[in-house]
Amino acid sequence: MTSRAKPKRSTTNDYARFYSITTRWHDNDVYGHVNNVTYYAFFDTAVNGLLIDAGVLDPASDTVVGLVVETRCSYFASLTYPDRVEVGVAVEHLGRSSARYRVGVFRAGENEARAQGEFTHVYVDRASGKAADIPAPVRAVLTEMRI
Amino acid sequence: MTSRAKPKRSTTNDYARFYSITTRWHDNDVYGHVNNVTYYAFFDTAVNGLLIDAGVLDPASDTVVGLVVETRCSYFASLTYPDRVEVGVAVEHLGRSSARYRVGVFRAGENEARAQGEFTHVYVDRASGKAADIPAPVRAVLTEMRI
Amino acid sequence: MTSRAKPKRSTTNDYARFYSITTRWHDNDVYGHVNNVTYYAFFDTAVNGLLIDAGVLDPASDTVVGLVVETRCSYFASLTYPDRVEVGVAVEHLGRSSARYRVGVFRAGENEARAQGEFTHVYVDRASGKAADIPAPVRAVLTEMRI
Amino acid sequence: MTSRAKPKRSTTNDYARFYSITTRWHDNDVYGHVNNVTYYAFFDTAVNGLLIDAGVLDPASDTVVGLVVETRCSYFASLTYPDRVEVGVAVEHLGRSSARYRVGVFRAGENEARAQGEFTHVYVDRASGKAADIPAPVRAVLTEMRI
């Protein structure tokens, strides 16, 4: 395979909702910047947090839940604890049982993403693990986050 | 050894400074509550964050740094993502080269700590690892946090 | 309060069982050593892992579970990824509904702990959260780990 | 945008080297499986660990270091602590200053990846942050990992 073109760096205009996250001492790795893995923790926290805040996700009791089947992230510029982070979220694709989010990580107050990626949930029945339709209340919230 | 008495649950009055932290999806463990380990990440983040905010800690360049030599935590009540957390910090003991902090973890808006503990830094020369006096600017900040 | 005496550094003879853990890139923090918080992840992993391996803990389905009510750790010497770690575990106190473990973190092949601490579980009914007797199969395993 | 085809699930034959990792209690999230974020910690640990083991990476002192600019992961089947993990690594693309790895996460003893992805390092001068040629000893190791 060959080298791949990097995606165009996104701005706050490319997202429908934002979720605030504080960084932590140990987000920084030995190179003094927020470790690449931590950005995926930001993705998880922002996407699920927006659904919880909207009242359509209860991880303790929901019988149909979204499982992560694919994620990706491109890194443009580093963050460092104690930066404050704003995570932009929008829905890029909304299927019968899956939703793909666009996610961007911004230093609070900035307009250009320092990192951005995608995050795909497939909904399944929690007990059986079989694919399930996205519950109607979730779909209503995701529809508002389309871009 | 025998069983040990649990410490008295502290309140916001027992702390000198507070530091805000947002919880994350994966702070919750399989039992649905913030995992006990994560509270120590709150300690680390709050103590160092207050020093950074006061302008007396630069992890990238300081030649004398505080290393953690002892920590402890007692857990009274659980937290759950997406709770917001306030970490109370006070200096209980201030020696020539060491400082012991009292740390309390509160759900934002509450008066009683959900967990509390201690966190002890010993200052060392970063290159040699030998004990060093607490730098004067750090000492000035810590003195204001005595309780 | 005053400064406190550091506990005596333990050796492999002070533990009843050992659990192997591999370190990870991001266990290291900005100072280049395994972050203090990570040792508590070792505690959690070793104690629960020994119970799971003994067949007396199933986090997915057990109706009586051990919740962490108190932990502590003293740090004597640092570890650095990619060190391999052996965690020593012994039961120091075994009550009706609680167990306190002694835990030591060793670099594989060494005799002296690089860090050591305590870890206390209180057993509760998972649904109600009320204190419960330690289940008999767990107690049998813990009794063999007394020291 | 539309839905995307999932990549073909890889097997151990698709990788040049393997790196062993033990899972941890808190790798599991509230759904009882290793959290999606943790797989990226496996990637980081395996790629860097293989370079350290080969003697061509010293995070404490290297003046030219690999920074992560892009990662991705597809999830096929879950893992659960206390599973043991083998991470397969191969070099898919080797440029002048960048290397793209294929990474697969296997439950120890299995032939099909439970998750797989890509991990791209760009080498930079640590002080200036400017792109740098991959150091010759690193290149020699990566060339052996081409597939």
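In order of appearance the chains are A, B, C and D, and numbering begins at 1 in each one.
The rule is short, and it goes like this: a contact is a pair of C-beta atoms (placed from the backbone, for glycine too) under 8 Å apart; a residue touches a chain by one contact, two chains touch by 3 or more.
The structure displayed is predicted, hence computed values, not measured ones.
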{"item": "Chain pair with the higher count of C-beta pairs in contact (C-D, A-C)", "value": "C-D"}
{"item": "Repeat of the B-C interface, chosen from B-D, A-D or A-B (over half of contact pairs identical by residue number)", "value": "A-D"}
{"item": "Gap in Å, rounded to a whole number, between the CA centres of subunit C and subunit A", "value": "33"}
{"item": "Subunit A and subunit D: spacing of chain centres that average the CA atoms, whole Å", "value": "21"}
{"item": "Length of the line joining the C-alpha centres of subunit C and subunit D, rounded to whole Å", "value": "29"}
{"item": "Touching two or more other chains - residues of subunit A", "value": "25-26, 28, 30, 32, 35, 37, 41, 44, 59-60"}
{"item": "Interface residues, subunit B side, partner subunit C - complex", "value": "1-4, 6, 30-31, 35-37, 40-41, 44, 59-60, 65, 67-75, 92-93, 95, 98, 100, 126"}
{"item": "Touch list for subunit A against partner subunit B, complex", "value": "20-22, 24-26, 28, 32, 41-42, 44-45, 48-49, 52-53, 59-60, 81-82"}
{"item": "Residues of subunit D that touch subunit B when the two form their complex", "value": "25-26, 28-30, 32, 35, 37"}
